[in-house]
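Each chain carries a letter (A, B and C) given by its place in the written order, and its residues are counted from 1.
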Amino acid sequence: MTDIATYNFAYLDEQTKRMIRRAILKGIAIPGYQVPFASREMPMPYGWGTGGVQVTASIIGPDDVLKVIDQGADDTTNAVSIRAFFKKVANVAVTTETAKATIIQTRHRIPEHPLSAGQVLVYQVPIPEPLRFLEPRETETRKMHALEEYGLMHVKLYEDIARHGRIATTYAYPVKVEGRYVMDPSPTPKFDNPKMHRSPALQLFGAGREKRIYAVPPFTEVVSLDFEDHPFEVQTFDQPCALCAAENVYLDEVILDDHGGHMFVCSDTDHCEKRREEGHRGHLAPETPLALEKTEPAQ
Amino acid sequence: MTDEPLLRVSALSKFYGSRVGCENVTFDLWPGEVLAVVGESGSGKTTLLNCLSTRLLPSSGTASYRMRDGQFRELYRMSEAERRFLMRTDWGFVHQNPADGLRMTVSAGANVGERLMAVGDRHYGKIRATAVDWLSRVEIDEDRIDDEPRAFSGGMRQRLQIARNLVTGPRLVFMDEPTGGLDVSVQARLLDLLRGLVTDLGLAAIVVTHDLAVARLLSQRMMVMKDGRVVESGLTDRVLDDPRAPYTQLLVSSILQV
Amino acid sequence: MPTPLVVSDVAKSFTMHLRDGIRLPVVAGVSFSIQAGECAVLGGPSGAGKSSILKMLYGNYAVDEGQIIVQHDDGLIDLATASPRTVLAVRRQTIGYVSQFLRTVPRVSALDVVAEPLVERGEEREAAREKSRSLLAELNLPEKLWALPPATFSGGEQQRVNIARGFITEHPILLLDEPTASLDARNRDVVIALIAAKKAAGVALLGIFHDHDVREAVADRIIDVTAFAAGKIAA
């Protein structure tokens, strides 16, 4: 316990947590609306998830089980360090298993395993303003949200079709929340957009540098913008995961050598491992299943 | 011919502190009518235009607009949301500098289509077809539809701005020196185009210009402003051929003969 | 049948503010009326105010005093005090005007210049163009010019376009400001025939004709403008 004596529980002081919780509650009350908050300096650089970390720090309790993913993976630098951070400052249990986590902080993916009621998904958001691409003035974008003037959002999609023959936006694909606010779902692949729609989990979004928090409460309508003659559709992959043979999941391309060898594997590492444990085999899967850390108890 | 005006302006004044922007301006504008507001820089014509288009709130006076449902609405009592909606559906505003009225970093087609998408059009093919139609009406080749206005000449940009404004079939268009800063030959083409569009579409327009030739070609009625006040108004050809006010006579006599 | 045009006690002067407010009276006490089917001609030397009277009747010049009563739209309108909007309506429906010179608009073809007043009165564009073609043919304007803007035409060609534009409509009152000034004999005769046809159709015409032969051919009556002289001050 000496490890954490120098910190308040979950790093932030209680006043700050209350301030952030108020912002979160307001965000939940107005789904999709960007609530300004007094973002704090965190012991990591902007762009490393300072917004998500502050949201997580404000909602986490001693009994929570935390999972952190970066682009779907539990074992990349960002995920590992944030997981280590909360183990240290909150002494909470951590896991890589989606189903066992109560809070999942994510950078740019939604887990393949369906989320359930009671779970909270915390997104790290770099640029929360979906209109920013075409309208640089914050005063103007706020007014556009207030007056529900979203023609500009479709201008962006129009430009895509005009230039590429189809909507070429593949990530940070804008959505309309509960028929009112247009929202940036953070740079998740549009493959994940349908998972947001009427999700039983609470979804919270934190942008540290931009000082905005927004939220999608459970079972909220989240509709991806599109045109009647160019309807929204998700990415499809013409081959299954090379390791676990999963279909209809989001795949990452992995380069194998410097001769052009590559394979497509699940971006969600937990999902992939689970399937391999269950005996699924892709065409490039090793003979013996990998044994990785699963749930670590609180220290 | 409707029996009611489209816009009723009464005793409109705008003061900047103790300085007069425009003072006590009263007029009616009927559907299909083009009103030119002329005067030199600082005469208050742009202040008046900005007040009428609700880009600026007047210090006193009223302006009511007959909405599509036939009801008059007091412009300065509308909510901002209503005014902005009016601005991108039933009204147009053509700026002197096209960069102020266009999105310079999106394609010509999207510039024209934006208003359609803003009012809920969600069919890409139809939006694009409408954009193509409007580009041809303002004499821009169809193959420029995916180019950004940054790549357009001044005259083309201005024509694009006009198309962008007219695509929703507005009933009233405000124009601030629409031919300012263009070469004479480009001006003539634009004026002729505007004249045709205004007639074909039955648009009402309020055109601010310091160029009396522009006023003569485009407008049926004219108001001459000096120091924020209207010093003379009437039929455009009457004001230009038989100017009564000293200032109007000075203006008319200052036209260079070619 | 009511009198289409009654002018009573009209006075006009110009105040030249740029020249110390000097006042130039043009005409005063102008009173006359024109009957349907009649062609009256304003007579008098240059500078007597003939053109000014025509311009007042068309609303192009302001009127200082008096009344210009026009039979318009089943009612009577005083043009001297009418609003600009009313004047425009009168021009569209009731009073036609052939000016001395054509005011050209860039890029509009002669055919459309002539057809325009009909289109403004609500006629289909193609039907209006058809009438325009037949009038231009009657006035012997070479067909190869029809599709061109008249800006570059000769004086006589422009004048014929102007006449066609004035005669194409069925305005009950027609004002003619020297329509034959730059025409050759053959085309003058065409204009005389056109005027006769208008008279037969019951149009009230008022014109200025310096050409003696034309005046003799069309005038039912001369209105002597010198009678309305307003004690001229040499300018």
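We take it that a residue touches a chain if its C-beta (ideal position, glycine included) is under 8 Å from a C-beta of that chain, and two chains touch if they have at least 3 such contacts.
What you see is a predicted model; the values in this text were computed from it and never measured.
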Contacts shared by chain A with chain B include exactly none
Give the identifier of the chain nearest to the protein's overall CA centre, each chain being represented by its own CA mean. B
Most distant chain from chain C, judged by the mean position of its C-alpha atoms: A
Distance from chain B to chain A - Cα centre to Cα centre, in angstrom: 47
Roughly how many whole angstrom separate the Cα centroids of chain B and chain C? 32
Let me have the rounded angstrom distance from the C-alpha centre of chain A over to the C-alpha centre of chain C, please. 78
Find every residue in chain C that makes contact with two or more other chains and list them. none
Where chain B touches two or more other chains at once, the residues are none
Help me check something: in the complex, which residues belonging to chain B touch chain A? 80-81, 84, 88, 103, 105-107, 109-110, 113-115, 117-119, 122-125, 127-128, 145-146
Complex contact set, residues of chain A against chain B: 134, 143, 146-152, 154-155, 158-159, 161-163, 226-230
In the complex, the residues of chain C that touch chain B are 14-18, 55, 59-62, 84-85, 87-89, 105-108, 120
Which residues of chain B touch chain C in their complex? 1, 30, 33, 188-189, 191-192, 195, 199, 217, 220-221, 234-235, 237-238, 241-242, 244-246, 249-250, 253
